[in-house]
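What follows is a short report on a single structure.
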Amino acid sequence: MSNHLKNITLRIWRQAGPAAKGNFETHVVDEITDEASFLEMLDILNDKLVTEGKEAVVFDHDCREGICGTCSLMIDGQAHGPQRGTATCQLHMRQFKSNDTITIEPWRASAFPIIKDLMVDRSAFDRIIESGGYITADTGGAPDANLIPIPKVIADAAMDSAECIGCGACVAACPNGAANLFTGAKIAHLSRLPQGQAERYSRVESMVETMDDHFGSCTSHGECEAACPKEISIDVIALMNKDFRKAKFANRKDLARK
Amino acid sequence: MTLTDELFAKNTVKLDSKIPDGPVADKWDNYKENMKLVNPNNKRKFKVIVVGTGLAGASAAATLAELGYQVDAFTFHDSARRAHSIAAQGGINGAKNYKGDGDSVHRLFYDTVKGGDFRAREANVHRLAQVSVDIIDQMVAQGVPFAREYGGLLDNRSFGGAQVSRTFYARGQTGQQLLLGAYQQFSRQVGLGGISLYNRSELIDIVVIDGRASGIVVRDLVTGEITSHAAHAVVLATGGYGNAFFLSTNAMACNVTAAWRAHRKGALFANPCYTQIHPTCIPQSDDSQSKLTLMSESLRNDGRVWVPVNPNETRPAHEVPEEERDYYLERLYPSFGNLAPRDISSRAAKRAVDKGQGVGPKKNGVYLDFSEAIERLGHDVVQERYGNLFEMYERIAGENPYETPMRIYPASHYTMGGLWVDYELQTNIPGLYAAGEANFSDHGANRLGASALMQGLADGYFVLPYTIGNGLAPLLNKPMPGIDHPEFKAAEDAARNRYNAYLAINGTKSPDYFHRELGKIIWDYCGMERTEEGLKKALELLPALYQEFKTDLRVTGSGDDMNQTLEKAGRVDDFFQLGMLMCRDALDRKESCGGHFRAEYQTDEGEALRDDVNYCHVAAWQWGGDPMTPNLNVEPLEFEAVHLATRSYK
Amino acid sequence: MAQVVTSHRGPVTGTATHQRKKRPFLLDLYSTAVGKKYVMGLTGIAMMGFVLFHMIGNLKMYLGATHLDEYAEFLKQLLVPIAPEGVVLWLLRGGLITFLFLHLHAAWSLTRLNRHARPVKYQSKRDYQIANFASRTMRWSGMIVLAFIIWHLSDLTFGVANTVGTDGVFVKAEVYNNVVRSFQRVPVSIFYVVANILLGIHLFHGTWSIFQSLGWNNPRFNNWRRGFATGFAAIVVLGNVSFPIAVMAGIVG
């Protein structure tokens, strides 16, 4: 049932630190089962490197279930590799063939500085959420959960965008290094729900402006949607743009009344 | 005199569980009425450190900051949104009785105590059931998109170990949605300046000064810098130790270091042998595998578990006729069927595989079959309910579960044991609190499905904010030691030496190698089924392997920058020490209960046989200077509201 | 023993904490990338209207010289006598120039932002999934179209780049003549055709992008957005490209 792949050449980006100059390093994996995940292959490589007294390749990973969003990697020019709707940690070697050469690069964006090798710092995403990606509801004062009925379609639509795992693939894949899909997904999630209406417009203004401080702009390539492991639609970007426009107008009207 | 009394008399630490007075249903209200408060304007004078930003940590930090405390939050992840709470799939229990099927706080309380095989503290569990109702309200208010009925009201499903539908869910990603809800609330406080977030910072020691937890020492994983942080109270919300098994459903970075360092500084570690083996994981496919993947227990709502009757069966699943299939859960436990509690389902699967009835290339799994559900409900309904889980299975196993039955097998998943805490979730070190999976309090010897999320949020949102205030109130305006105190310097130096020592060994084997070997020993001898002989053997093997670890470890790179090998070495070191304690605890507990199954203590039908006379207690271990010589302390468990009964799911 | 407590912490309540310096409303909107995309989109719509009507007007060529020349005269006479001759036309032209300028400025500043967002390029080859030739060459197709517009104006509006005919003088009002004379030069026609195909490519991605940028998103018509973009670009290109071909083929002239 399980087959073995032979002679996989890995070109892995090595970079000692944020300011250091990096380069590709070549390693050969002689044999690996196709049941192994891509990251297990890197584990095996690292184990070998450490045993040989060399430094292991640094890469971000954690849950290996495609949900925590810690893993990254540009694999053969695609964020999260060749399989659609799949995070790197869920990518398995059965997607590759014997004698393949696989190039692995860190994600590149000024908002995601490289920490070491393949690991980048994605704190800019946290800054966006901190600026308004929430519903203000202090612990303790919540009304009964069934007080506000939410139509199933609305709840489902909110869930579609709430699924975002914050991995940063959208930024990595975007030719402009834009984070509109990430920001749009959070805005679409919260703005679709009745609970999110109170802060709807202040939220979108604040989040979009924070996003501008770190990321590029959207030119509707659609690469983000293709790279997203949760296949979040770029419709959320349109929704964000619409709410942003309304926010600028609504705000003005409200301020004028004061 | 029972064994419990005998051991209790020998306690080296005074274990005061501080259970409030009154009938069990009134205890929490009584506590809240009598606790001390901190004036809103004084709260900002107190600093609280929260370590871990999972459900318990993020919710505690957010709520404490909302109240006005200064909060310093630490996570070894790059962001507060990554904690492994995010991977919980199935749901969260809440005694809302929205389905009108007879649920109540008392029933959730009873189910949890019973599910835990009567080894949990009654008062804590009741409080958990009480606040479960508030959790659902709170999370909905924060915008968690729980599944809804067409009319717009919340939907529920049923889960293992319960006969009512009380589980709220958001597709197969409930943990993710709840964690993101807590993370958003947490982030709001970071943005407002109520929380200072230290990411990529791993706790490596706890500082105790004059008997009180005064702060922590952390290592910045990016720069390797070791720094101290002082506070009035420290909350450890650092998760469980399931990765002691190496192969588990825990995330790769989950570790016991925070809890273990606290243990070494005097905090008692309770019931380490209570580990949960989850029945529905994808079986190991290869020896090089480093991680197992859980498939939500909710699959058992519609999937049927079976194995071929004939151990030599070679036909593909769909060709095996009905009469040659053994639907063993339905056969053995007719009233709960495929929804029998986790420990029971896991052992049943193990017995089938041990008898040679296992399926798959390595004959290491059992079938979870949806063909009947697809016939009954239609492909679309099954897809609606489990679509994303099916996709995940297909990605990992390379088989389409709509056509071929899934193969599943139990794997280490959750640890009920953890730091001993009293009713206030405070360890025996004043000022040091433990929340979520890191403590031992609520699940007894076995946790029911959809209860982990409930407990994490209960601790963080609705318990700690009260109990920490009660603990801090008397400290108002009293001077507290700062990070220039010699104890902090000493702890920093010790930590530095510890990490330098790993680098200096310069042996031949990687930390991963040792972790894998360690995990094999613990899985083989302290896994789903334990024997006296096996545990004794493990207690011989572990110190020997640990010795090898200390002399033959190889860590490359330096301690001055990002070095994942070095991080791993520190974590594996602590797993070794914990592993010895797990085996020791399992050896000493001469009964079977929940996740702890001793082959010597079982009924004729192979069910767990408890010994309520001698073991109705919490085993809380004190660090004895060496991992092999811990001191046992016991806290007798008293049951007022429920009667000890033999668990039966027949 | 040092006191650990500092009184430093944020306010207890609040929301959306990001505060920017307040600017006048439109500048405020334009200062963000999303706002600039609105400007790109809205000016894009105006210029789309122009290219469409420009093409439709030029179809008069097929009716003969008089029709086309009369149409040119009509444009000058727009709203006369409310406004003096040529004023409305110049207002329209002024509007177009402003839109073009805004479109260019927004494009230029967004490009700068995007360059800044990824200062170090990927060192290995990217494998694009969705991004197509049109979306990835907007900058180049835009710049070539701009160059074409300048050339086109000097050819047929100012006559600087027009071959002087038999009579040796460029007569602005003889639109038909000017066009025919211009397109009888093969390289000019080829440049014209190439530039118009690039215009079509630019229009295709631009038209579809407008829906995204302006937040016009509705499941009812989302599927039609690509079709509309293709159709619009195709009509404009087919119309425009037909002129030089018709001249070269001798159908017009």
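For reference, chains read A, B and C in written order, and residue numbers begin at 1 within each chain.
The criterion applied here is as follows: a residue touches a chain if its C-beta (ideal position, glycine included) is under 8 Å from a C-beta of that chain, and two chains touch if they have at least 3 such contacts.
Quantities reported herein were computed from a predicted structural model and do not represent experimental measurements.
Ranked by distance of CA centroids from chain B, the top chain is C. Put simply, the chain closest to the centre of the protein, by Cα centroids, is A. The distance from the centre of chain B to the centre of chain C, each centre being the mean of the chain's C-alpha atoms, comes to 59 Å.
Between the Cα centres of chain A and chain B there is a gap of 27 Å. Chain A and chain C, compared by their mean Cα positions, are separated by 33 Å. The set of chain A residues touching two or more other chains comprises 130-132, 136, 138. Contacts with at least two other chains are made by residues 13, 15, 17-18 of chain C. Residue positions 66, 188, 191 of chain B are each in touch with at least two other chains. Residues 1-2, 16-17, 32-33, 35-37, 39-40, 43-44, 46-47, 49-51, 53-56, 58, 60-70, 83, 85-86, 90, 92, 94, 115-116, 119, 121-123, 125-126, 129-146, 148-152, 155-156, 158-159, 162-163, 165-166, 189-190, 193, 195-196 of chain A are the ones touching chain B in the complex.
Of all residues in chain A, only 11, 13, 22, 24, 74, 76-78, 82, 103, 105, 108-111, 130-132, 136, 138, 173, 175-178, 199, 202-203, 205-212, 214-223, 225-227, 234-235, 237-245, 248, 252 touch chain C in the complex they form.
Residues 59, 62-63, 66, 77-84, 86-87, 96, 98, 134, 136-143, 145-154, 170-171, 173, 175-177, 180, 183-185, 187-188, 190-191, 197, 199, 222, 249, 251-253, 285-286, 288-291, 293-294, 361, 391-392, 395-396, 398, 461-462, 465, 508-513, 554-557, 561-565 of chain B are the ones touching chain A in the complex. Chain contact summary for the complex, chain C toward chain A: residues 13, 15-18, 20, 25, 28-29, 32-38, 110, 113-114, 116-131, 135-136, 138, 205, 208-209, 211-217, 222.
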